[in-house]
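Same chain, two partners: chain A is paired with chain B first, then with chain C.
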Partner chain A sequence: MFVINCPYCGERDQSEFSCGGEAHIVRPKQPTELSDDEWAEYLFMRKNIKGVQFERWNHAHGCRKWFNMVRDTSNDKIHAVYKMGEKPPVI
Partner chain B sequence: MTKYRINKTRFVDQTKTVSFTFDGKKYHGFEGDTLASALLSNGIHLIGRSFKYHRPRGIMSCGSEEPNAICQINNNTDLTEPNVRATEIELYEGLKASSQNCWPSLNFDIGGINNLISPFIPAGFYYKTFMWPKSFWKKIYEPLIRLSAGLGKSPTQPDPDIYDHKHEHCDVLVIGGGISGIISAKIAAKNNLKTILIEDKNILGGSTIYQNNKNFIIDNQKSNEWLMNEISELEKLDNLIIKTRTSLAAFHSYNYLLAKENISDHLPLDKKNGSIRQRLWKIRADKVIVAAGAIERPLIFNNNDRPGIILANSVKKYLDFYGVSTGLNNIIFTNNDSAYETAVSLFEKGISVKIVDIRKKSSSNIVKNAEDLGIKIYWNSTVVNTFGYKKIKSIEIMNLSEDGSNVTGNKHKIQCDCLSISGGWTPMVHMHTQSGGKLDFREIDQVFVPTEKSENHINVGSCNGDFELEEIVKNTNYKVKKFLNINEGGFDKISVLCSKESEKKNIWLLPNTISESKTKSFIDFQNDSTAKDIKLALREGFKSIEHVKRYTTTGMATDQGKLSNMHALGIIADTAGVKMGTLGTTTFRPPFTPLTFGAIVGRSVGKFFDIVRKTSIHEWHVQNNAKFENVGQWKRPWYYPINNENLHEAVQRESKAARDSAGILDASTLGKIDIQGSDASEFLNRVYTNAWSKLGIGKCRYGLMLNEDGMVYDDGVTTRLGENHYLMTTTTGGAANVLSKLEDYLQTEWPELDVFLTSVTDHYSTASICGPNSKKILNKLFPNKDFSDEAFPHMSYQDAIIDKIECRIMRISFTGELSYEINVESKYGKSLWENCIAAGEEYKITPYGTETMHLLRAEKGFIIVGQDTDGTMTPIDLQMDWIVSKKKYDFIGKRSLYRSDTMREDRKQLVGLLTDDPNEILEEGAQIVSELDKKPVEMIGHVTSSYFSPNLNKSIALAVVKGGKKMNGQKLFVPMENKNINVTVSDFIFFDKENKRINA
Partner chain C sequence: MKNKYSIFSLIKNAFSQHENWKQAWGNPEPKKEYEAVIVGGGGHGLATAYYLAKKHNMKNIAVLEKGWIGGGNTGRNTTIIRSNYLWDASAGLYDHALKIWENLSQELNYNIMFSQRGVMNLAHNLQDVRDLKRRTHANRLNGIDAVWLDTKQVKEFCPIINISQDIRYPVLGGTLQRRAGTARHDAVAWGYARGADEMGVDIIQNCEVKGIKRNGDQVEGLDTTKGFIKTKKIGVVAAGHSSVIANMAGLKLPLESKPLQALVSEPVKPIIDTVVMSNAVHAYVSQSDKGELVIGAGTDAYISYTQRGSHDVIEGTLKAILELYPIFSRMKMLRQWGGIVDICPDASPIISKTNIKGLYFNCGWGTGGFKATPGSGDLFAHTIANDEPHKLNAAFNLNRFVSGDLVDEHGAAAVAH
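Then we have the complex of A and B:
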């Protein structure tokens, strides 16, 4: 049970948040132009890294804002938290 | 005083007698006793029978590591508790304890025969023997094994006790109230840090509190007296919370810890009443100091499990803390100096004591002290056998060979009534590893010690591998000050004198003259696994420590191997010829000691188990005999039986009434999302499959929402309230998820859209009136309103007033009947409903529940998302092509509808099914096949909705069938347990296909 520093609310218990999977997967602007394979890449393919992973999180039981987080999945150390649309930090 | 209560101490009040029963017989102890110390004071060692061989077993320790002395507490059906360690339960008046795992009685146990046939039941016996024939397992083997095995008995009635949870935050949490924990807590609290100190015993002090040996001096006082003063000072500190009877259960990442506090377990039954029994503390600590201490190791030799064989330091605690002697003719068997403290204590109380030491010599102060007292010491010797069935009577010892791998010389027999054993100490590294910490192996004394790397927790005292008193005090002081960034004060100037151990020797499995297969050298006392079993596992090819553990069940009993894991590892390492450090340990998982289910669930039982949501009309439904069903957290009226009607009869009546005259449904639970903003129309275009831009203000439209994978996710009617204002409805169960999904897209994919979403589900109550007479009822309710088709057509909305209350009326229909939904603010829901009922009286308006609603919509072939769909259905599969816009460039899920897989023609598709016998009602979920004779029978679909339609007077069903779109008229079969039902594929709109009634 880690503590997450919500960029809008500050430090809160993990139980207030829900994880939305891998971050920085942008929905294609023109899906109809894509081949089945390209669309499947967007739709299904997700990394599952042991180590530093960029993730989407939602403060579901708080401000309900989505934000990004850099977490080491091997020890749950959180390296950075940043707002949607901000550039991912270099870790 | 009993024969064995030989000493007066300040910890047991010998003026306050407490009576209790063990196996039905009444005994006396004193306030301050544990069940174990009280039994020992009455000379009782035999407590239970072992798990596999049913060997007599006695008290072996004085704490949570106890493997043998586990009891059943109380014998009533609701409060009884199995597997309670006698060493941990505090004695109270009226305590009833009994032994476990024996039949017919503790003294004569028929299962003891297992001990005689034990050569035939080695490790893996059950896995190997009961494999064949396979069919015997369920009916013969398993019930028999369950009958003869097992620990205590579970209660059969609900737990009447109250349990509690509490959240706590602190700067420093100190785990363990021994000397290092006390030093740590004092340093922290004196430096203005909010500190919590938890200790699992009823008083602070650990093992130092009864350390009265003259060789252990702190600031010119005996260490127990020095500590006593420190504790009384500690109790004066304001920012220190001391929690005794509180044991740490789990140490999670980010210093999140769970601790269980026993609040009333130690109170007499009449005082427990109404009190909270246990409280689970959920602690978030900035810094954690683990001072969990160490557990004494047993020694592994032949027949090392007899009652009367007790860990040496426990013998000292029973003597110096509880005032109880575990025997009057004691032998101490040790490989280290610490057991000599026990010897000196026993000698000073006038109890006969001899020492058997596997070492050749030791020159420490405490050994010299024992020698000076004239205590007989057998150096370089080991115990090779013990005698006495229900209590130890004598031992045989032999000399060790030069390298310790064998025994030499003659056997020498010594009489005794207690054998105190000590194999050294194991640091309690459980907390450290639970939090993610790693371990190093220290060769010199064969212990795993914490690798200190964390910034947020440290280990101090003997759990960190510091065993000498001076080390403990000075290292704790130094480490804690550094950890907490404290420069001044603390215990810098303290002087500590102690005996120091210089000679160290450890043999995991002590040698014997007889072959290993004929010895019983127990490693895991509770699960009866022996050194022989571990070696067998290795011979059979198990290499990983985790596999050996599971094959032999070593360390898998209720004590989780606190006494056995190290020896198992040591014997594996010795046998396999590898270093223990490279072997690693098994995983230490929470909880440290067993937690009650009550403590885990706390107050979340009964009506607090989950949130119950009720509409504002709920009370009316209750008064009118509604039966409810749970839809998500909502209680929805299911049907309203009259005169003992069953579900079927009530639904048939309600369905008929709704189509013949008028019905009314509480639709308040439907999810409602208020959507506003200049891009609201564009937003709806993107989330629904159909087009929204041209929907006029005051109009309603049905929408289907997909996932990005093209599968139907939710549906509902959305109403355009204004130019930039919509009210979306969702399914009852899907409301929260739909809101989350929409917020996700708005915040992450389309932040440029000017749209605001607000959940208003709870803000409005909805009465839905349907049936041919509904228009007349609406006219009565709103006499000034024009409900003609021209003024108020289907799929439109208007505002209205009733009793000064503002309403929104939508003319929409889920039943296929002329239908109006009236929405008011929730607080007026019941009054609106009662108005509707009154106005409808002359038309016999009939309240109907969800079951009738489902039937009516099934007659019309309207789907229910989640019943007729399961996350694998596209709108095309549902034959709802009409709602999927071809013109829109994009919407959620659009691209997926053109994937080769979603375009397959043999996907499961929605169809209607009619049974050949119109009175036969299919079971929902039943499988559908096209050929009965072909084996294996291919399942081509399943029934999703099925009802007897009173309006059509026949059975109807919706189903999904592979390639179903092209199967109209085809005969299929629904095989059931006793028969095959013949069905015909039909159109899935069974009733009023021309939609005449909606516009009637």
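Then we have the complex of A and C:
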């Protein structure tokens, strides 16, 4: 449990947000060309990092906007919050 | 057995004030090389080593544990054992485990306190009723005992349940598996450790794996905090940390690790003699032999390795518990903790070879691995020894995420495993 600084609403309790998992997984540009292995990689395989991870969050019980977050999963410390489409910060 | 436990050994040791019991397992330093190395000294890992030695005659093996044995999810779960899963593959897997549980104390000569007190799953809406009835039919076709109980029968089986139809999520009935129940979690790890140790397995505690060495597509050994250990077969049973180990070998798994919480109350006299689970409101409760209520809560909805979990999650669970069991309203909770569970997209485990020769994974048990401990160990040992899965774990391979042949137990097992 922690406090998240929503880029649109400011600081709110984590229970207002929902996590969309690993960020920056690019949707396949030509889905019909994809092999089964590539589909599995896109749909299921995850880094599941213990440490600094880039992830997507949604302020579900607030502005309902999506944004990105850099968080250390070993201690839940948040390093950065940035809007969708912005360049990920170097941590 | 060098130190068989019996009524006679108990009497004999009483004369020496119980000061001469032999250590149940040793504390060896790692050898330079092993035939196989199991990473993770929880119930599943120790059971794997036990069956490798017992059924596959592999004696030169080691179990590496970064902390102490049984200190991870084996010591953190709510000890529920059942096999009433929907799909054939899951039914085969979990009932295989349940059959081993039924004789495990005798086999290990170690009292694991297996108690077939029954597990009841409640239905709170019309869809629950349909799903759970379908599941009892599926179970019975697979030879697993399951019955449907109406609201009155639920009340008869567990009198403290509030069956008022005026509450937010009223009880509309439930399923009951009478062969299901609980066991003493620590004893399972200790019993398997003692059995494995006796057959010559090295159980090495406080030894963390730091890297996996490969020669092309074949594993060569492990870098650990106690030095390099050479081996051609590595079985990883690291629960929430499976992805961390996989990354060391350059492998990605379809897993997300999340904290799952449980809590226990102050001990009270016997009040609930079964296990009641409710997926819809996410509350499950049983009572330990010490008298504590053992309550399982949900997972946090984000990846975390923090082993604690959020307060709002247990708050939600306790709200549901109080509505179903108003009698608990003045109970005090004693302890709360979290364990890191590795969740698969289809809520089914992975017991599988990988595309790296000699590297095997037993993971993805998510929120409900304890119940499968003996079966999981047995089938994983088979997979490692023969380099081929047993027919009972063939469906639980890694390749199912490529082929699409998933074993989707989300509906049947839901969040509360």
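One rule holds for everything that comes next: the second predicted complex is superposed on the first by the 91 of 91 C-alpha atoms of A that agree within 3 Å, B and C clash if a C-alpha of one lies under 4 Å from a C-alpha of the other, contacts with A are read in each partner's own complex, and residues count from 1 in each chain.
Please note the rule applied: contacts are C-beta pairs under 8 Å (C-beta built on N, C-alpha and C of every residue); 3 or more make two chains touch, one makes a residue touch a chain.
Keep in mind that what you see is a predicted model, and the values were worked out from it rather than measured.
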In the superposed arrangement, does A:56 touch chain B (first), chain C (second), both or neither?
-> first
Where does A:65 make contact in the superposed view: on chain B (first), on chain C (second), on both, or on neither?
-> first
Quick one: classify A:36 as touching chain B (first), chain C (second), both or neither.
-> both
In the overlay, answer first, second, both or neither for which of chain B and chain C A:21 touches.
-> second
Check the residue A:84 against both partner chains and state whether it touches chain B (first), chain C (second), both, or neither.
-> first
Using the superposition on chain A described above, determine whether A:75 touches chain B (first), chain C (second), both, or neither.
-> both
In the superposed arrangement, which partner chain does A:5 touch: chain B (first), chain C (second), both, or neither?
-> neither
Footprint overlap on chain A, comparing chain B with chain C | 1, 14, 36, 39-40, 43, 75-76
Of chain C, residues touching chain A in the complex | 241, 243-244, 247, 252-257, 301-306, 310-312, 342, 345, 401-404
Residues of chain A touching chain B in the complex | 1-3, 13-14, 20, 26-28, 30-32, 34, 36, 39-40, 43, 56, 58, 60, 64-66, 75-76, 84-85
Note: in the complex, chain B contacts chain A through residues 252-254, 256, 284, 436, 708-709, 740, 743-744, 747-749, 751, 889-890, 894-896, 898-900
Which bits of chain A are touching chain C when the two form their complex?
-> 1, 14-15, 18-19, 21, 36-37, 39-41, 43-50, 53, 55, 73-76
